[in-house]
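The same chain A turns up in both complexes below, where it pairs with chain B and then with chain C.
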Partner chain A sequence: MTDRPDRETDLQLMERIGWHQIKAVEDRAMKRNFWKAFAFMSPAIVLVCGLLLMPVVYNIYFSFTKWKKFAGLDEFAGFSNYAKLPGNPYFDTAFYNTAIWVAASVVFPLAIGFGLAVFLRGVAFGNVFKNIIFLPRILAPTAVAVIWFHVYAPHGVLNSLLALVAGQPVDIGWLYQDNTVTPAIIATFVWQSVGLVMVLVLLGLSAIPKDPLEAARVDGATNSQTFWHIVMPLLMPTLVVVTILSVLSGFTTFDLLWVMGVAYPGQRTLSLAVFMYFESFQKGSWAFGSAIAVIIGIVVFSVTWIQTVMQNRVDKMTR
Partner chain B sequence: MALATSQIDFAAIEARERASTKKKWPSVVVAAFVSLIWVVPFYYMLVSIFKTHAEYTANNPLSLPEGFSPIADNAISAWNTAKMGAGFANSAMYGIVGAGLAVFFAAMAAYGLTRISFKRQNFWFMLIFAGTIFPFQIYLIPLFFAYQKIGIINTHFGMLLFYTAVCIPFPVLVLRNYLNGLSREMDEAARMDGASEFRVFWSIILPNCIGPMTATFLLQFTWIWNDLLFSTVLGNREEVRSIMNSLQIFHGSYTTAGPNLTLTAALIASLPAIVLFLLLRRHFMEGMRVTGV
Partner chain C sequence: MNFKTKLLSLAFAGLMSASVVSAYAAEVTLVHDKAFWAEALQKVGDAATKATGVPMKQNAYSPPEQYKAYMQSSIAANDPPDIFTWWTGGVYEELIKTGAIAELDDVWAEMIKSGEFSEGVRDFYKVGDHVYGVPLHLSRWIVLYNKADYAKAGISEPKTWAEFVSNAEKLKAAGITPFVATTQDGWRGFIWFEEIMLRTNPEAYMGLHTGKVAYDSEPVRNAFKIWADWYAKGYFSDPRSTEEVADFAKGKGSMNLIGDWAIGLVEKAGMKPGADFDAFIMPNMDAALPSSTILEGGPIMLSKKGLAKPEVVNALKYFVSIDGANVWAAASGNSLGNSKANPPNVIVKKISDDVAAMKTVAFPRWWEAVPADLQGEMVAELNRFMLTPTMETAESVMANTQKLNAAYWAEKQ
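Now for the complex of A and B:
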């Protein structure tokens, strides 16, 4: 420090010790590092870009063409594919059913899973019941769909149980009728997904520190006060994650509807995901199908965006 | 401690504990009743696979089977009708190789993203992670046509390629978070001793990532094993189709197979994933904890 001339500014100091050279060396190192890192990242980047991101771009492009069957890929259609969507009777029903799906796949698994988690925590043999309820989760959705397809069959389990209650034979075609098919498949979805919600809520509950609970008890808080003012806020992050997962899976479920809806005449209207498959892979309306896929994408995108906003808010709340 | 043990009323505590368990007996009954909803379909599947077709149609679906012997016929017939041998081999290959490669590539990418400093790391991470934010429906049409054009539709290679790609982004997120929390002292020391980047990755980082890699591998393997959508679109020929797709045989309008056969096939197809789950429950739970999937 002794040889530092008087009144040397920082800038002059940096000039004197040659910061340009230092920066150049560092930049070179960064550039070299980038290629090193890129070598490690390249398989992932190439595969993700080639098989996931590129298709998204192409799908959006297709949705603006007149592509149907074997022609029209080079004709620009503007927004006409999107304009055709509302008013198409299949689309309207599919959209309506999807909305029901999403609402139901959030409300029911969450309410039931949450209720069971809280309830089973204090029950003897709670672990046995938890494992039983979690069981469907380890079956493939296709297998679950096959089982429930036969449970709902005219001579299936459900009708035979109902006959037991009613005292006379029941033969409702649960999966053949307009007004029962969606609730029936939703019930199966709920049956399968409650276990996971329950486990996640239990994990969230067990992560809650004991101290605030003790403090509340010592201060004379009632059970419901403790629940609403301490447990619920601490559980919020888990609940947000679970809700978003349910919305997304409700939106994109294909296997259940495809396998269970096979006997239903209006299968294509069961959800947007199925409608999209029908329009493109069975009818050959590729451009139209692409437009439906884009709509699904937009909705999923907005849900994910809401999740980020909510998660940030929750993070701020709990911090 | 100010409080001597003699001052604690153990008897009262014990009585309170006993009272709280006793009070819970009615709720055990409620819990048992509720879990019937989950037990009955499984029970139904288990009794049905022991019935012949005639037996199934003649009796109540919930009745006990007359004997255990029809299961052998059901299994053989289901196996042959759906050509499940090929389906098993294909799905096992897609699952093991696809998920294995995906997790390995993800570990490499996570290493590059966390252990080598370069500009715009976040951009490259987001680029890879973007693969998880789109619904699967948006990939279908372009992939189907690209695959046709290149000529890899209905090939093992094509299926494997897609499964590997789609299973990469998520493990990248998990492993990147994990590596960020892992101490850098070991790899710095190795670099000082003149180890190459690949050597550091291979002998220091990989052995330390076995836990999260196993957890993500299991999740991705199960996803591939259970997938029906992409197998239907990209590999619908008999030689390449996956196990879940081969179950579809029983479901078309041309099928004459009884529910006893269909349910047997569904159970056989699910067995590997179930066994894997039961054997490696801890890893699955760990995976669920980090991911919520």
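Now for the complex of A and C:
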């Protein structure tokens, strides 16, 4: 029992126990904690603002200027750099190629990485295989591109192996022909990225609780039913994350296309990122290149936002 | 801390700062994009340090796109390097138009007065009434040939176009591929195009660079016909190879059309200049035309800020002096056009003598002469022809390049 007088309101009670003083003490503590927290966070804030946000803001600003080569940084151009994009044949081609690249970089690594993760779970020497498959991921993309450039060379490893199988010389210019250059570079991308997908899926699989699986088995569910109705829904958040990472990676891939496509004279290797680099660094059209970068940013942001919304829905469904 | 200690500390700090500042101020740094010559440039820098007493260092930015980006941003920020290398042609004029580049008329006056450089070399670096660069290297584009192959085919250096074509025919008949071809690094597609244009119609070749001659005009078509015909006859090695110099050294092609800067690289690949390989200037199709070569001349330039520093000007003067040119020639195999310096090798000496005897005139390289905005897309088209060298491809290459060319010049008007 409390000795609270009859008809005392909450406000009166708070006045009686001196809530102003309590609040002042709490406010002071909060303020002190805020500055402490701010002090701890400041290195990260400086890094994020200085290395991430500032360049993004500057890039957006540049895209509204006439900056080309040595001049025009201080001249306002409005939306003229953006107006040049629709109908530009290189932009259209780059957009189309990027769409193909993104689709391929989602579908193939996901399908193969998922398959490998399921297959290698519990297999003897599974860890050895997992390490071998993950190994390419630790290499720099440029190094990977140089290695595979030589693998695909007319007198390279791949043609030599094919010649052994065919019993006659094979002289395919994998990186010089319209019909082979994209699949060849995508294969390299898959080779490098499949390890990460496999590891993420393995983590997702190991996080699935055993209870529903055992319950399904007790209820007489087949392996296929268990997989599709228990494993897949519980794995869905992981798959959404993997998809987002793959989409981002697909949109921003530059190194492989630039290095492996150096001697290819056509436009199959022209992605949006390559187009941006070409306009900026080779032609010195910095403002136009910045506009392309902004467009890439908007597209990537939109796609990942849609995926995040989907992930939230999936999370709600699986709860 | 007592007053005396404080005073001593301040004095020490002041001395240290002064020495650091003075050391920094007196150091000369040559900024460039030629990482493959970094060691050779440093050798000249070391020699310059000994000669002038001011430390000279080199700082390489690579690849060229990054270097151009650095230069563009440093000039936009009004802080260009004191001394740096660049290219001739359109990009040279673009840089000069910024107003940040120093005129080197006085330096050139001394260079010509010494009798070490000709006015012709000076004019190569002239824009309007002023000179803005001194040579880092002056390279003529010549045909290197394998002497053993020539002996095997029973042929000698060609003096006429007919002899040149006949040599290729005889080499092919002897089972030797006459010419090295490559699309290495993506930029080499223009080499044979420019040379065939120059040999068949030098006037049209020059007209290409100013928009006066179309890329789908008859002179260009004729050049493509010759080029395609030689491919059809099997005169070229596989253009997909990425080892041009090694291909020549390994005998995959008997003749290599390249700048004389490659002689040192061929030597490194195992062939001895003069003994295993030699060179000649490609003859013109029309014997009545004057002898000519493509001349590539990378310049060293100063910013206005650099010109105001005596140590920077002294470093530049050392580079083009007889001593500097000799160190550079020995280290890199390049000539910078100092007529009193030692030639870097016997082949450059021989070609220089031929140039003097034949009164050979110099033409700019397509790469520098073509508008910078068109370089990348056009050379990709020329590479495309090399990978599928038929007249059908040539027609589409001509159409595409002319479309780019016409759009560029229309925008300029």
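Quick notes on this one:
Methods note: the second predicted complex is superposed on the first by the 284 of 319 C-alpha atoms of A that agree within 3 Å, B and C clash if a C-alpha of one lies under 4 Å from a C-alpha of the other, contacts with A are read in each partner's own complex, and residues count from 1 in each chain.
Please note the rule applied: a contact is a pair of C-beta atoms (placed from the backbone, for glycine too) under 8 Å apart; a residue touches a chain by one contact, two chains touch by 3 or more.
Being a predicted model, the structure only gives us computed values, none of them experimental.
When both complexes are overlaid on chain A, the residue A:Cys49 reaches chain B alone and has no touch with chain C. In the superposed model, A:Ala71 lies in contact with chain C only, and not with chain B. Shared-chain residue A:Met30: touches chain B; no touch with chain C. In the superposition on chain A, A:Ala39 contacts chain B only, with no contact to chain C. In the superposed model, A:Tyr176 makes contact with chain C only, not with chain B. Judged by the touch definition given at the top, the superposed model places A:Val309 against neither chain B nor chain C.
After superposition on the shared chain, chain A has more residues touched by B, the comparison being chain B against chain C. In the superposition on chain A, A:Ala153 contacts both chain B and chain C. Once the two complexes are overlaid on the shared chain, A:Phe281 sits against chain B and chain C alike.
When the two structures are aligned on the shared chain, A:Val262 is found in touch with chain B and with chain C. In the superposition on chain A, chain A positions 153, 262, 277, 280-281, 286 are in contact with chain B in one complex as well as with chain C in the other.
The touching residues of chain B, when paired with chain A in their complex, are 20-21, 24-25, 27-28, 30-32, 34-35, 37-42, 44-45, 48, 57, 60-62, 105-106, 108-109, 111-113, 116-119, 121, 124, 127-128, 130-131, 133-146, 161-162, 164-166, 168-169, 172, 197, 201, 225-226, 228-229, 233, 244, 247-248, 250-252, 259, 262-263, 265-267, 269-270, 273-274, 277-278, 285, 288-289, 292-293. Put simply, chain A touches chain C in their complex at residues 67, 69-71, 73, 153-154, 173, 176, 262-263, 265-266, 277-278, 280-284, 286. Those residues of chain A whose C-beta lies close enough to touch chain B in the complex are 30-31, 33-34, 36-41, 43-45, 47-56, 58-59, 62, 116, 119-120, 122-126, 129, 132-133, 135-136, 138-143, 146-151, 153, 155-157, 160-161, 191, 196, 199-200, 203, 241-242, 245, 248, 251-252, 254-255, 258-259, 262, 272-273, 276-277, 280-281, 286, 289-290, 292-294, 296-297, 300-301, 304.
Those residues of chain C that touch chain A in the shared complex are 65-66, 68-69, 72, 75-76, 94-95, 97-98, 183-186, 189, 238, 240-242, 372-373, 375-376, 380-381, 383-384, 387.
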